[in-house]
Each structure stands twice: as C-alpha cells, then as structure tokens.
Amino acid sequence: MNKTVANADEAIKDIQDNVTIMLGGFGLCGIPENCISALVKKGVKGLTCISNNAGVDDFGIGLMLKTRQVKKMISSYVGENAEFERQLLSGELEVELIPQGTLATRCLAAGYGMPAIFTPAGVGTEVAIGKETRKFMVEGVEKEFLMEMAFDADFAIVKAWKGDPHGNLIFRETARNFNPMMAMAGKITIAEVEELVPAGALDPDQIHTPGIYIHRIFQGSNYEKRIEQRTVRKL
Amino acid sequence: MLDKVGIAKRIAKEIKDGYYVNLGIGIPTLVANYIPEHMNVVLQSENGLLGMGPFPFEGEEDADLINAGKQTITTLPGSSFFDSAMSFGMIRSRKVDLTILGAMEVADNGDIANWKIPGKMVKGMGGAMDLVASAKNIIVAMQHVNKAGESKLLPKCDLPLTGVRCVKKIVTELAVLDVTPQGFRLLERAPGISVEQIKNATLGRLIIEGEIPEMSID
Amino acid sequence: MLDKVGIAKRIAKEIKDGYYVNLGIGIPTLVANYIPEHMNVVLQSENGLLGMGPFPFEGEEDADLINAGKQTITTLPGSSFFDSAMSFGMIRSRKVDLTILGAMEVADNGDIANWKIPGKMVKGMGGAMDLVASAKNIIVAMQHVNKAGESKLLPKCDLPLTGVRCVKKIVTELAVLDVTPQGFRLLERAPGISVEQIKNATLGRLIIEGEIPEMSID
Amino acid sequence: MNKTVANADEAIKDIQDNVTIMLGGFGLCGIPENCISALVKKGVKGLTCISNNAGVDDFGIGLMLKTRQVKKMISSYVGENAEFERQLLSGELEVELIPQGTLATRCLAAGYGMPAIFTPAGVGTEVAIGKETRKFMVEGVEKEFLMEMAFDADFAIVKAWKGDPHGNLIFRETARNFNPMMAMAGKITIAEVEELVPAGALDPDQIHTPGIYIHRIFQGSNYEKRIEQRTVRKL
C-alpha cells in the first residue's frame, strides 16, 4: 500500500465547501498545522468543524475562523479566541458545545462501527435537552445515561509524529489526544506526520493507528508547534 | 479564613495513598503541591496522561506535553500516554478515585454549576461534565460567597448545571462541608471563623451537630 | 469441475489493488496464495493483525504470532498489531473491503449458515457473525452440493443462520453466482460444467440470462 | 505505585468459589498460564469464565475444565477440547456462545464505562433471541443492531509481555488479542508478565494498558507458550 501524497495541498484538494471535517488536537497540541494552512489557502467555505478546541486568534483553527471559512464548530471548549467570540455573538458562527468525553466517544463510535453510545455526561443539564435517556444498573444502583450518536464526518484530518506509506501512525506524548479516534472516524482520513518512514520501519507492536483507517498521508513541514500556556519552574 | 493555598492544603489531606486523582484548573491544580511526598498518588490529566509531573524547568518545555489546562508539564517514572477515548473511558468506568474541581455554585443536594453564566461568553464545559457525571468522589474547591457577598452554597443552583447530585465534599475559605441527603453538613471551621459566620454565608440547608472543630492544614 | 485450489484461484480474481481482505478458515485461506504479486493487498486477521504474511519457515515459528485459525504466521513490512476491540471495530465500521468465508448453506436472499448443525457438537461462531453482519462485500467459497448430493444453495437455509441478507457472491466447484434481489444469478460455469448441471445442483431461485461463459482461472 | 505481588498464588488468593473471571488470550496465545495453574492448585470451583476460547484438553482453561472448576463458559469458539464436549453434552457445563466481536466489545464497554453497546453481529440469528434490537441509519440505509450489555466480571486475569510496578502493560504481537480490554473490564485485574521492569523503563508512548486498570502484577515463570497449529513453509 502506498497512500503517500506530496503535500497538504494535494491531500486536501477534494475538500469542497460545506463539508464536515474533524480536526485532531487538544488546544494547539497535536493539530494538523499543514492541512489547516492548506485549507486557508484553498479558501474552502461553509465548513462544519469537529474539534475539541477552536485554536487561538492567529493559530490553529483560529486561522480558518479569521477567513470566515467555518460555518459551525462542534467543540467542548472554545475559550482564548476573540475573533471566535465576535463571530459567535454576531451570529455569523454556529457553535455546538458538547462534553469532551462525549466528543471523544462519538468519534470512537464512528471508528468502531457503533451507531450510538451511552454516557452519563450531561444528564440533568442543558446538554440532555432533546436527547433520549435511558437507565442502566451500575454497581447495583440505577443510573441515567444519554444516548449520543456516532459522528458522521466527510473528512478527518490528523497529525501524527511518525507514519509510513501504509498509513500506520505513531503519536507522541499528549499530542495523541483526539487524533487516533478522529483518524478512525472520517469517511476520508488524511494524516500529516512529522516524519514519514518506509514501510517496516515502525515496530508493528507500537502503532497507535493501523493504516487501514488512513486514506492519504504526507510528511508535513515547518511545524511551529506553538505552546499555549508556557509554564515553568525555577531551577 | 483560608487563602487559596490554604484551601489547596486542606484538600490535599483528603488524598489517600494509592489514589488516582484528577485535578481541575485553578485552586485544584495547587493541590498537587501539598500531597505528602511519601504517598503514592498518580495524577490523571484528561487529555491523555497518567503520572503528571511538575512544570518543566525553563528551556525544557515540550509542546507535545501539556495538561488539560494546556500548561507545559513533565512526566514521572511510570507515566503513560493514551488517547482521549481511553482517558474518558477510565473516568466513566470510575478508575479515577478522586476528582477535585472548582465551582460557581453548589446546591445542598450535590448539584454543581461551573461552566456557564447566561449573558457571558460561554467557553464550554470541556471535560467537566464527564468528570462530575462519573467520579466516585468529587471534592469542590470554591469560595463560600461571591464578590457581592452572596452565598454560593445554595438550596438550588441558579446557573446552568454541570452535573446533578454528584458533589461529595466542599472546601471553602470558611469551612469543610459534606453533602448529605439532608443538606450540607458542617465538618470543620477555617482558623478564626465562627459557626455563625458559616451559617450566615450558607444559603442551602446546613446541618450543624455538636462541636465543630477548627481545621488543621499543616 | 473445480477443486479447492481452483475455487481459491477464481476467488483471488475478485480481489482488487488496494483491498483490505479478511480470509476465513479453509478454502478462503488458500486464496492468499493466488493474489497477484504486483497487487497491494493487506490481509486482516481478526485476532489482531493487519498485514498477515506467509507461514514461517520451520524453526521460526513464534507462539505469539498466529492468525484467526490459530496457525503460526509471519508479518510483512507495514504490518500492525491491535487488540480485538479495535479489530472488530474496523470490521464493523466497514474498513475491510472484502470478506471471504466458507458456508454450509446459502439462501437465495443472501442468508448464510455456517456455524452450527443441530445435534452435533457446536464449536461456536467465532468472528463469523461479526464479519457477515458488517462486511461491505462477502464472497462465499463452498461446495455446491453436500456429500448426499443435495444442493447447498437454497430458497431458505435449514441450518441456524450466521447472518441475514449478506452474501454478495458465491464461488463453488460448479459455478460463480451473484446474489441479487431476484435470487442467484449465474455468472460463470466451471470448466466442463453445463448450465444444466448447475440448474440441477441449485435449489434456490436461479437466474440464467444469455450465454453463460466458462470461467478462466489462470 | 507498587502493585507487585510475589507470584500467581498470591495474586489469586482472594478468588473464591462461584465468581466470574475473565481470562485473556486467543486460542493458547497470550493466556495467563501462571494464574491458570494457580487456580487449578487452589481448587476454586463453580467459576464462570469469560474467555474467547476454552483451551485444549491439557493446556489453558482445559486444565480447569478437567478438574471441574468451571460452571459456565462464555466464549465465541470452544472447539478442540474433548473434555469440554463431554461435560457440555452431559450437562455438567453451561456454555454461552457469543460472537467474538461482541465479546471483545462487551469488555471494552465495561472498561470504558459504557453500560451497553450496539452491534449488528447476530441480528436475525439465535444470538438475537431475547435481546433488544434497534434500527439506526448507516451510510444512508436503515440497519438493525442488537443491544449488548457491558460485562460485569469480579476478576480479570491477563497476560502481558512486559509490565512495571504501576501495572503498565505492553503486549507482544497477536498475544495482545483480548488482554487489553479484559484488563480494563475486571473489578479486580491481575496481570502476569514475562518481564517485570522498573517504573520508568517502559516508554510512556508505547504502553498498551495504563496501570490505572491493574490491581496486581507479577513476573510469571516457566512460560510454555504452546503452539496450537504449527504451520510452516519449506525453505
């Protein structure tokens, strides 16, 4: 199998207006920087983006917000972004906030072919409005759960540390986050990697995402890997 | 009256040897500094890490290594990374022994509100709804009253809820309280604080039985 | 009439470049030997492997490395291991392009029976029910008639079902047939086999339209 | 954290009669050999065993069948075991056969705190009898699913390649199989490993099962790692 494409532009070339895209990453950690730049360059519009966060004003998905390419965000936390706030308050941008674990598990459900999952997150809150609830016994006590549906995304774009032409991926540290589940959940999944190695160079026991889930892969470049909250201690 | 560090120190006493603990943003993050060194405690960061270590030394920050507050951190021997589905999987299956988080309001039935203020920009619930819906044991670190002097320990939350009937214990600048089926039970007073002051600052049902000891935090 | 190798060779022609394929036990396993070398095809073994290679050379068997038939195997460059939850996850989410498996009976609506014979010791369905319930494309490798000369391509399965309305194509010692809403559609005859012979061996609805070519298997 | 115990006898010492135990492994690959021997030695009876297979006559769970310690097996495939067949036909042994993916996913559900999952496996077959079904749209077509419940097991016993005192586990090749899901699913989970290494010796990016799921760990000994179907090709 050789799923290698030349670069981000080629990887995203069939992404059209008004599609739904999952984007991996948590905060600015593990985000597909190259593909985001290519989407901005391509100027595709009306996107529904499923991503835990919405970047910051001048990085990550924030870049696509600035160019008004995003119609709707489905996220768990969208702070730290003034342009986001402006568009939301002006009604230009639609936002659906869902619990972080629900977001992760709805991706997992899509990747694992489970049409719906049950979670207690959001029971009794406004997140539960309009959703089916169901009680199950947990540790001898009846507990209420929400039924949440698997995501249905046209594309998933993920960022990994290493990958091979089969699409096998290895993530690094907490840059793993949502990337493996989104990789499994896209109808078409695009992976950008810091280092593309030949087939056989990755230990098959250590692969986080098997290549079967990946449709296109390329070695990215010029990763900025910006830090959102630089916290240090004194020597 | 306790300051933030005092609240963190008092909460640290609730942590037991062998616990896996999830610390929220704000005062809860400070708790890590006061866990006794001899204790085996593992901190979970819900973005995908068990075994969170201290902040890195300057120059050793790693953009790939952050906690749920997006702060640069380090690992410890025995740490493990995993994806967000597994992270919330272990939260939902109650493998995390203790969750410590902040709150805007807590009701005397254990309801908690900490994610949304109507009329203000909503940033989102992040992992808070998952954590409070599943945690075996939740301790809330919060101010007893807001800046206007109004109680945040209420008969019923006014703000949109994060979770229902889930808070087990509350540590404020004034007191330590358990949440019981009968309401808040006063367990300890902060140094120099009277039972009367706590009564006046608590709007929800408050149970005061017997002598209420002053807490020790060191 | 085809022998087992012939059936395997004919099925191998259904495999396309870039396919991920799951091969069942028996004749389907043989199919691997006849996939053209220039094709990029990855074999999935549902116990947790993508990229199954050939059997090991003697002395190089590894007890930790087996396929779903519990046979010792090898890996290939680009292989990956994963747990059984992910393995059946990728099966359910239809990432496997083609599933090839054996059957005791197939009905003309695509129902399949291949796991249980009443009165005989039942070994279990293993992963067969998961595979047939989810696969995009299922080809069955089977004998057209049983040892008593009775058709195994039926209007309705007599044996307990493995899955319903799922089989897409059947390759037997006599013929290649598609399963359509109108029943089995005869596509090809085995070398030396007449349409009449196939008619006589098929109890389910059989559609014969136009000239039926003899299959080529090399 | 130090969850290390001395050996299999100590690891299983509180396993009593009539409990439910999950046992990792597929065929004879990746089975907890040491703990099975210890359970035979201890003579605990009336067990319900959740395991994909039931071993062979003289190895794996077959050893516990021979000593009549198993009341019920929940498995997907139980061939290759004459004593098993005898006990089943004589009514001494109860067997519940479920699809392999359902078995794996019911373990995952337990480990991930999902009370139930939906799977299409078994729809329209005898596996569906008495189970709730539900239709969901899949790729634009209505498809029927069975609701299957998370397992509720008192103990899970798994076998890994390497582990550390925190309980972090790494599996090797296809010996991974059911072990990671069962590790997550037990109320008490016991891990036996071929090599117990100090905390910090395992790369945190490569750990398959984080220690939070593991209650006891020990370095096993005398692994036989028997091969069920030795298949080779000629040089």
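Going by the order they are written in, the chains are A, B, C and D; count residues from 1 in each one.
The rule is short, and it goes like this: a residue touches a chain if its C-beta (ideal position, glycine included) is under 8 Å from a C-beta of that chain, and two chains touch if they have at least 3 such contacts.
Everything numeric in this text was worked out from a predicted model, so none of it was measured.
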Could you run down the chains that neighbour subunit A and subunit B together?
D
Distance from the mean Cα position of subunit C to that of subunit A, given in whole angstrom:
36
Please work out the Cα centroid separation of subunit A and subunit D, and write it as a whole number of Å.
32
Rounded Å distance between subunit B and subunit C, as computed from the means of their C-alpha atoms
56
For subunit B, which residues are shared contacts with two or more other chains?
75, 81-82, 85, 88-89, 91-92, 94, 134
Where subunit A touches two or more other chains at once, by residue number:
105, 112-114, 119-120, 171-173, 176, 204-205
Listing every touching pair of chains gives A-B, A-C, A-D, B-D, C-D
Using the touch definition from the top, list the residues of subunit C that touch subunit D in their complex.
45-49, 54-58, 60-67, 69-73, 75, 81-85, 87-89, 91-92, 94, 111, 121-130, 133-134, 160-165
For subunit C, which residues count as touching subunit A in their complex?
18, 20, 40, 42, 44, 50-51, 75-82, 85-86, 88-96, 134
If we count contacts the way the header does, which residues on subunit D are in touch with subunit A in the complex?
105, 112-120, 136-138, 143, 145, 170-173, 176, 204-206
In the complex formed with subunit B, which residues of subunit D make contact?
1-2, 110-114, 164-166, 168, 184, 198-200, 202, 204-205, 207, 210-213
In the complex, go through subunit A and note every residue touching subunit B.
26-30, 52, 75-79, 85, 88-89, 97, 99-105, 107-108, 119-127, 139, 161, 171-181, 208, 225-235
